[in-house]
Amino acid sequence: MSDVTATESLPAPIADTVDNPVSGIDQTAGNFSYKMDYEFDAGTGLSEKTVRYISSVKKEAPWILEFRLNALKQFLAKPMPTHWATKDLENINFDKIRYYLSSGQKPKRTWEEVPDDIKKTFERLGVPEHERKFLAGVEAQFDSEAAYSNIKDIVSKQGVIFVNSTEGLREHPELFRKFFGKVIPTGDNKFSALNSAVFSGGSFIYVPKGVKVAQPLQAYFRINAENFGQFERTLIIADEGAEVTYMEGCTAPKFSTSTLHSAVVELVALKGAKIQYITVQNWSANVFNLVTKRGVAEEDAEVRWIDCNIGSRLTMKYPGVVLRGKRARGEVLSIALANDGQHQDTGAKMIHAADDTTSNIIAKSISVGEGRSTYRGLVHIPKTLANCRNNTECDALLINEHSRTDTYPAISVRGRKNSVQHEASVSKVSAEQIFYMMQRGLSEGEAMSLAVNGFVNDLVKEFPMEYSVELKRLIELQMEGSVG
Amino acid sequence: MSAVASVPAGVLDVALQSAETAAFRAQDWFAVLRQQGWHAFQSLPMPTRDNEKWRFSDARTLSLDGYAPAPAPTPAQAADLIARSRLISDAAGLIVHVDGHCVLKPTLSAELVAQGVVFESLEDAVRARPALLQEHLLKHPVLLGGDKFAALHRAWLRAGYVLHVPKGVEVKQPFVSVTWTLTDGVAVFPHALIIAGERATADIHDFHLSAKADQRALAISAVDIHAGTGSQVRRLAVQAWGSATQSFQIDNTCGGRDAVISSVNAAVGSRRARLENTVRIDGPGADVSLYGISVASGEQEFDQRTLQVHAAGHAKSDLLFKNALLGKARTIFSGLIKVAPDAQRTDAYQTNRNLLLSPDAEADSLPGLEIEANDVKCSHGATTGQIDPAELFYLRARGIPLAVAQELLAQGFLEEVLAKVGHEEAAAAVREMLRLKFHQA
Amino acid sequence: MSQLEIKDLHVSIGEKPIVKGLTLTVRSGEVHAIMGPNGTGKSTLAKAVAGHPSYTITSGDVLLDGKSVLPMQPDERARAGLFLAFQYPSEIPGVSIANFLRAAIQARLGEGEELDATGYYKRLYSKMDLLQIDRKFTSRAINDGFSGGEKKRCEILQMAMLEPKFALMDETDSGLDIDALRIVADGVNALRSTNLGVLMITHYQRLLGYIVPDHVHVMWDGRIVKSGDKSLALELEAKGYDWVKNELVPA
């Protein structure tokens, strides 16, 4: 239980006294926290008790508790994947993390009802403003639960369901249970097992047959508490011929201790459906961001991940598409920016499981200072298939002398008339380019930002406008002070 | 290890290994090296599939049981195989081994001898040149996962050759080594130690052949190349062991400042063949080219692991591995370019191209980069696909039957690498082996 | 005397009909030109006759000396005497012209018959001289890194070596400067004989100044809309394709 008492007046944000020269200005937008008095707190550390506590405050059906307990067993049994991944994972202390913190399980439908300090948080982050301007619906998660969740009338009248995971499983089990945990089985990896044991929050979306949601649905994930682990769970089902774009953003204040974010996101695009999932990840540089994301595309369906990783200490995330129906398409567009003290270990997986399927991966990374970006890819075309195609391009830009990049693709091809093509390159911003721009009157930093934006420009174009502007700004800010 | 005791005399037999080692009592350092190999072998685990360095390999079927050293061939057998070893007419020297026994020692011209060139069997060199060998023999670390096999190679080290081209000596004709397996179930451990002094030039052709097309054998070979400052070393290695052979080839090359190194690894033989090829660039200005070419058929598995280490900056390395696959064959190409933190101005490239000529063949590609310096030009590319239908139609529109057209196109695909051999007769020999492979399949 | 008959031919790419009922007969010794704007089905006609797998013949027939070629594979059609000079010849790295042509000629010999290598090279070199192709080209890979003009000369070289009964020349003039065009045309003219029938496909009249046709056909929307002698080409050049559209196409 929290030992902080809320005062009459709004508490002042806790200023971040740690000077963070590298993550810099971009993170000040999210770098504040409020002292909260949480009504529900599962305490520190992870045990069966923690899991039972979470399940009971959510008043879950018995099968969900069973699902969670089984997942906990799998999590404990699985080793850390340090035989291929970074040893930095060993610095996560699962016993010091708080697994569930909330002020209630039912999100508010209007911002007026949201408690002041939480509302203030999201207002500072511009969420209600974005909602008014260009979103079809918003869910705003504060630590473990959604504080606010709303969907525009016009969209809900089409039968679109947009709720948090607790509500989704409780109120629409017939819809969601069929696919829940099916795209990403509990035991897929250690962190998917962890999420399955303690998940809370995240979005459950169903778009009925033929419904094309014109504006994006957005989720905003906010970590406020220290030593906290956020484990949201998202499941999006686009029924036959449906189309939907989902966007998520995330921030957290910078604490000196580490924070864990471990989500599971499952997408199901039924026949002819299209799902586009956009992430702009801007966690503070103390967050371990270990996320499993995968979509299934049935016949003629399309799943597209647009994945931008700017923040966090360590991100490990390889969005995947299982191309299960004929002519299904999968795409991953990935941008990663790793600054000092950051490791962006990202990539993509394309599992071809039907004839005539195509997949495309374009990954661009920028390493600044001593930052490290890693691309891991998997492309699999088994022997029973014909006419499958994959194209992969990954390009790395290294800014400073000791910036680092790694590329580890794995490509396996059999069958008839299948073809894959993989290309990767590493480059730097050339001194001549910088000189040219400086000669035209730009500062060195401005020149560098321009060059970097040029490097990612063709990918950023693919974003909805509001996001591409934001992303370019984030990149510019990250690049400040990177030269010299 | 109790399992070892139950095995009859074979490469896993401690008594046999000790007895052979005892023969080197007078060369104590060498006996120690062999003993170290044996102990390392016993302490290391067999690789498993979940080992990243063995990803995609069929590690479950790895077995070292049932192979043993074989006695020397009869003079008639030796004479026959020596005759079949004369593949290169302008050789500077030819050394021939059969089942791990040297049956033809090289004769060098008086001029080369006067220049201090050494080309002799490893056994002779162990006795005659302990200082040179102790400085260079098996000094490279094994980085690509074959530690256990390298240890067994060390434990049984005896066959092979040493080539030393001293400072400033340029030898234009190739040094040729032909290593045969003859007895079914034989285990051979051929070793090549190649030392090129400052500004020296050497061209080496290594042929690994079997007397019978379906020879069963275990071959664990290793080559250590030390290319000195400004030296030029070119090597062609041909793996054409019999079709029931398990082979492991562990190649290590170190290049000094301004060294120019080129290697072509051609593979057609073995049931399972693993190549581990590591090149380490230690000096600026070095220029390394690594090429691979194979035709895999039946149920063959060609497992190619390469590592280009740029420890020094201002150097270049380029790699191109091309595989043509027939039947149920599988190729694995796993390559890594590593650029050390201060190796600025590195140019490093890596390309793997696989041509699937059968729906049951499988090509796996793991092209990797680890770059820790920013002022570099690095790229890799991997493609796997079938014959281009437009090319096929073009040939057929000229009246060439489908099967012939496919073969022509597949050979054309491989020709790019053959052009890098740099020795017409050797290239022709390899071209013929590849052609036969298409016809056997 | 041979005869290539195209009878009411209909060709589709996928579901889309391109050639819509084309009839034409070419006899040995004749040179026919098919002219028409882009997208009218000229190249489709040539590729379909040669048996390209992307083109489906939905009805009609193509007869070579009275025998349908439609059941034949592309290489069988080629050996039967049909030669397609490609508009965009494939670049085939690693396969030298010499080896390629040997394989093509070998394929035309009977079982157990071996190519006479000396005679082959003698003939190859004389044809290369005729087409002003450097002899070094024999060891170069087919069309690999060739200029546009070199590719087209290489096509004519193959035609000269393979001695077809009928040559379908698909936009052979495209991408050629005037010198290259003259060399190619000289090469074709040298091959003109009573044993060869030629079907030239072209967008421009230019080529026809060098290779003078016996018959000219105007193609529009998958059909021949007008046939005549060489003066038709000049008329077409003067009046332009709008004339075809406005006056020749039945409403």
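Just so it is clear, A, B and C label the chains in written order, and each chain counts residues from 1 on its own.
Here, contacts are C-beta pairs under 8 Å (C-beta built on N, C-alpha and C of every residue); 3 or more make two chains touch, one makes a residue touch a chain.
Just so it is clear, the model here is predicted, and its values are computed rather than measured.
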| item | value |
| --- | --- |
| Most distant chain from subunit B, judged by the mean position of its C-alpha atoms | C |
| Comparison of A-B and B-C (more C-beta pairs in contact) | A-B |
| Distance from subunit C to subunit A - Cα centre to Cα centre, in angstrom | 58 |
| Interchain centroid distance [CA atoms averaged], subunit B/subunit C, Å | 49 |
| Intercentroid distance (Cα basis), subunit B paired with subunit A, Å | 45 |
| Residue ranges of subunit A touching subunit B (in the complex, touch as defined) | 83-84, 367, 383, 386, 396, 398-428 |
| Subunit B to subunit A touching residues, read off their complex | 50, 52, 55-56, 341, 344, 354, 356, 359-386 |
| Residues of subunit C that touch subunit B when the two form their complex | 50-53, 73-75, 77-79, 83-84, 86, 89-90, 92-95, 99-100, 103-104, 107-108, 141, 158, 162 |
| Sites on subunit B touched by subunit C in the complex | 388-391, 393-402, 404-405, 408-409, 411-416 |
